[in-house]
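These are the structures in question, set out in turn.
Consider the two complexes below, in which chain A is the common component and chain B and chain C are the respective partners.
Coming up: the complex of A and B.
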């Protein structure tokens, strides 16, 4: 059993490495797939495992974009001059400035978002259920509006970043591996985390927060740490996106609450909340669905997406993973006697 | 027997197909890609620009095509609708280049979209001649494949500021007593308009009393106008593409706002005279081009002839002005024709090098690119809507009419 699992993981890892070379035309789509996996897995850390459905995780994505961009620009030029609508001067970056900017920017984005999660969490974790969801959504919307009126960072114009120096196809592979590295790290990290005492504690918060508190779990601390960890990864993903997209603006790209902000939740619901593989499977299915509808049913894509959400919520509340556990419990090591199983059906 | 008949038939058939094909393909095809706003908040101008492109393509085809290496070619543009959204525009540019394999691009509508797409074309080293992105922030990133036929945005309303200063002097007041109100869209184009106006106002020592941004969907500026009513500025500047222009003219009338001088952008594109009639009178409108100017070239004729030709091709424009957005889109295609012919090659690097050396006179004005890619050979003019007519009032070298002042 364990051996089988190791082979499975090795195969997936091998595929991760080969994919951009095997499907060179889909480099960007594969990179975006990893982005979806990252945001879905991190959303599930609070949403699925801890019972706090955040609609504000997109805040960390957008903030990550800005922080990464500002770090990489600010090291070389004056940010106000670089983003000025009035132009002036020519701003170019050397290879060293570019790569060190990407590295420091992405890392800085993770750290900054992680800290801001603690600060925002301190206020919003007093809210429960739908109030938490709306509260965090409010944070993301407000942040987008504030940034879009902040001239120093370009305001509504957004920021244009320098492109990958060198062959654009190599650039695609570069960004694919950046996303993949963060994605694999998130997966390995949460897989480990959910098996520790910490994982049990956040599950306890999900199942009954009062009881968890009564058992001596410092719930606020656990909630803050969990969200902060999620924010670290989302912030890094945002940072990578900034360099990959080259240009972003505050409301539609960075703090895109109704797009990626909702997509990450749909991915998790589709795949199965509170499971390890659910968000991954959900992200893959959702991304495939999105690419197919956006390419072949253009004009109807939003209708199709709406239909997908309705069908998922009405018929597959536990997502693909939940459905599989129900239909094929033996795959998950759950022993069910035939007779009893027969009766329940 | 049967087989031979079939074979002969097939042969004859294919021979016919080939000859037909040869007739149609007497000219080759140069494929250009363009993501353009056919829906969303920039749809009006996106369509103006697309028609400008198509008119140029037809006109070039009718006049023998593009001559490269002794062969003739016609342009064909693959369009995608970017829904007026930057990220969508960038994705489509990527798609045009990687999947449709286009080697040349025509610009989208608006500075914002151009800003989203230019990094992509730059990344793939695909030349993009654009006609609708004027913000100076496009020309400070060191782009080597971006060429803009239009004048940059700070020049749009600069003459309005000097006119206001002139009028103050005539009244025996100091130009520094002029109060300016600015309401602009939160996008690269309008923010650069604002930057330009603020710079000019500062030169005269004028005071900016209102400095507001239009809401995102550009459909309501009544709160800003209330403020304007209260603070009584001498000059009101509004910039928000066509939708912003329509909103401004409509609400200034509805709220009965009296400001001696109001200068806005995109009057013709929004067809404010057709939509609002007298309410549009005495508005100052910046324009990249006017059909009354004395520009001309061998393909499109004079500016006035261009307007007539275009109206004949697109009768829906008969009752209104041909907006400059259309004229400059046509000019962009014309620039490509010129560059291809001078490069005498279909190699994108050679065409790009030819583009940098562009120096031509067109019905749209002179076109010559700076190192940064913006056109430095053409001035902007300011027109005033006088009894429903667009008359050039500034700069004085082009002025055909006197300024009506104060408004109302």
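Coming up: the complex of A and C.
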């Protein structure tokens, strides 16, 4: 069994490495797929494992974008001058400046986001259930509106970043591997995390917060740490997106509440909430559905996506993993005694 | 910052400007209160938090706008939007809402969010993404040397909103269906035992909510502008009002609606019109945090 698993993981890892070279035309698509996997896995940390359904994780994505961009620009030029000239080709970056900017920017974005998660979480984690969802949604929308009025960071126009120095095709592969590196680390990290005491504690918070508190778990501390870990990875993903997209603006790209902000939730629900593989499977299915509708239902793609959200939430909330557990419990090591199962029917 | 200070000093120098802002705020707040009342109704009766509320408002506006484009009188738009949105609400209830009532609250929130995205996109495809409005062609009344101006169209809009609210309140108080709705809100199981068809009550309540929103939208299109993606801000305002006022507290909903209208007008005047959306959302956060502090105090007393 263990041997089989190792082979499976090795195969997936090998595919991860080969994919951008095997399908060179889909480089950007594959990178976006990794982005979806990252945001879905991190959403599941709070949503699925801890029972706190955030609609505001997109805040970290947008903030990560801005922080990464500002760090990489601010090391070389004055930010106010840069944004008021809107990039404009006057400002050149050398190769060293570019790559060190990407590296420090992405890392700084992750750190900044995990700190801001602690601050925001300190206020919003007092809210329960749907109020937490609405409150975090409010944070994300408000941040987008405020940033779009902040001229120092480009206002509603957003920021243009320098392109990848060198061959654009190499650039695609570069960003693919950045996303893949973060994605693989998120997966390995949460796989390890869910098996530790910490994972058991956040599951206890999901199942019954009052009892967990009575058992001596400092619930607020666990909630803050979990959210800030999720925010760290989302912030890094946002930072990479900023360099990959070259140009972003606050409302539609950075703090895109009704796009990526809701997609990540649907990915998790589609794949199966509170499972390790659910978010990954959900992200792949959702991304496929999205690309197919984009190509074949031009103009109606958003309606199709809205319909997918409604259908998933209303009719298929257990997701693929939930459905599999129900149909094939023996795959998950669950013993079903035929006699008992027969009696209950 | 200088801009903010000069705007503030303007308010102090010319107190009459305050009157204009307050009147504007009350007029816009009356329409917020209408949408919020519908939300409170659905929330209280069937425990569904409807994020598609704002898109029902915008859809009602487009019904009225479409009629005017096809040569019908503008005032006919309000009852027409009421009837059309009743039908759309009923369909939405049968397809989606009826299946999420018994589920947890996040499910209904997410399902109605999906519904909101769908509605906004369908309207975008049907009517285009330009802002639209209906011109009634009435005059504007001026007071105090033209500082305070009240367009008659706005006045008619507010009166219609008040008439609609009164009608709904009388209906809820006196009619048999209104009684059934209130009974279901108090205890759905007991109501079922007493022979009330709660399924029918739910369908009726959701359709009524959608119709109220539609009528509010038809009034909004006469006095302001609508656009397919404006819905979410109306939904957020409705949430602010209901969260601040509490469920089943009708005077509170009206007061909070008028209050948020005035507050937003002041904010837009002081910080500039581009902050209006941000102010509405920040107000939601403030109300949530305030409620949280209140609850904390209660919890400490219980210990």
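Observations, loosely collected:
Throughout what follows, the second predicted complex is superposed on the first by the 332 of 345 C-alpha atoms of A that agree within 3 Å, B and C clash if a C-alpha of one lies under 4 Å from a C-alpha of the other, contacts with A are read in each partner's own complex, and residues count from 1 in each chain.
Please note the rule applied: a residue touches a chain if its C-beta (ideal position, glycine included) is under 8 Å from a C-beta of that chain, and two chains touch if they have at least 3 such contacts.
As the structure is a prediction and not an experimental result, all values here were calculated from the model.
Superposition note: with chain A as the common reference, chain B and chain C can be accommodated side by side.
After overlaying the two complexes on the shared chain, residue contacts for A:25 are found with chain B alone; chain C is out of touch.
Touch criterion not met for A:329: it reaches neither chain B nor chain C. Applying the stated contact rule after C-alpha superposition, one finds that A:74 touches neither chain B nor chain C.
Residue contacts after overlaying the shared chain place A:262 against chain C, while chain B stays out of touching range. Within the superposed three-chain model, A:164 lies in touch with chain B and out of touch with chain C [touch as defined at top]. In the superposed model, A:149 lies in contact with both chain B and chain C. Superposition on the shared chain A places chain B and chain C such that, viewed from the Cα centre of chain A, they span 70 degrees in steps of 10. The gap separating chain B from chain C in the superposed three-chain model is 5 Å, by closest C-alpha atoms. Residues 148-149 of chain A lie in contact with chain B in one complex and with chain C in the other.
Listed in rising order, the residues of chain A touching chain B in the complex are 25, 28, 82-92, 148-149, 151, 155-158, 160-164, 168, 171, 245-249, 251-253, 256.
Residues 53, 55, 123, 126-127, 129-131, 133-135, 138-139, 141-142, 145-146, 148-149, 258, 262, 265, 269, 299-300, 302-303, 305-310, 313-315, 317 of chain A touch chain C in their complex.
The touching residues of chain C, when paired with chain A in their complex, are 49, 96, 99-100, 103-107, 109-111, 113-119, 121-122, 124-125, 232, 236, 239, 243, 272, 274-275, 277-278, 281-282, 284-285, 288-289, 292, 295-296.
Contact residues of chain B toward chain A in the complex are 85-87, 90, 94, 98-99, 112, 115-116, 118-120, 122-124, 135-142, 152, 154, 185-188, 191-192, 194-196, 199, 213, 216, 372.
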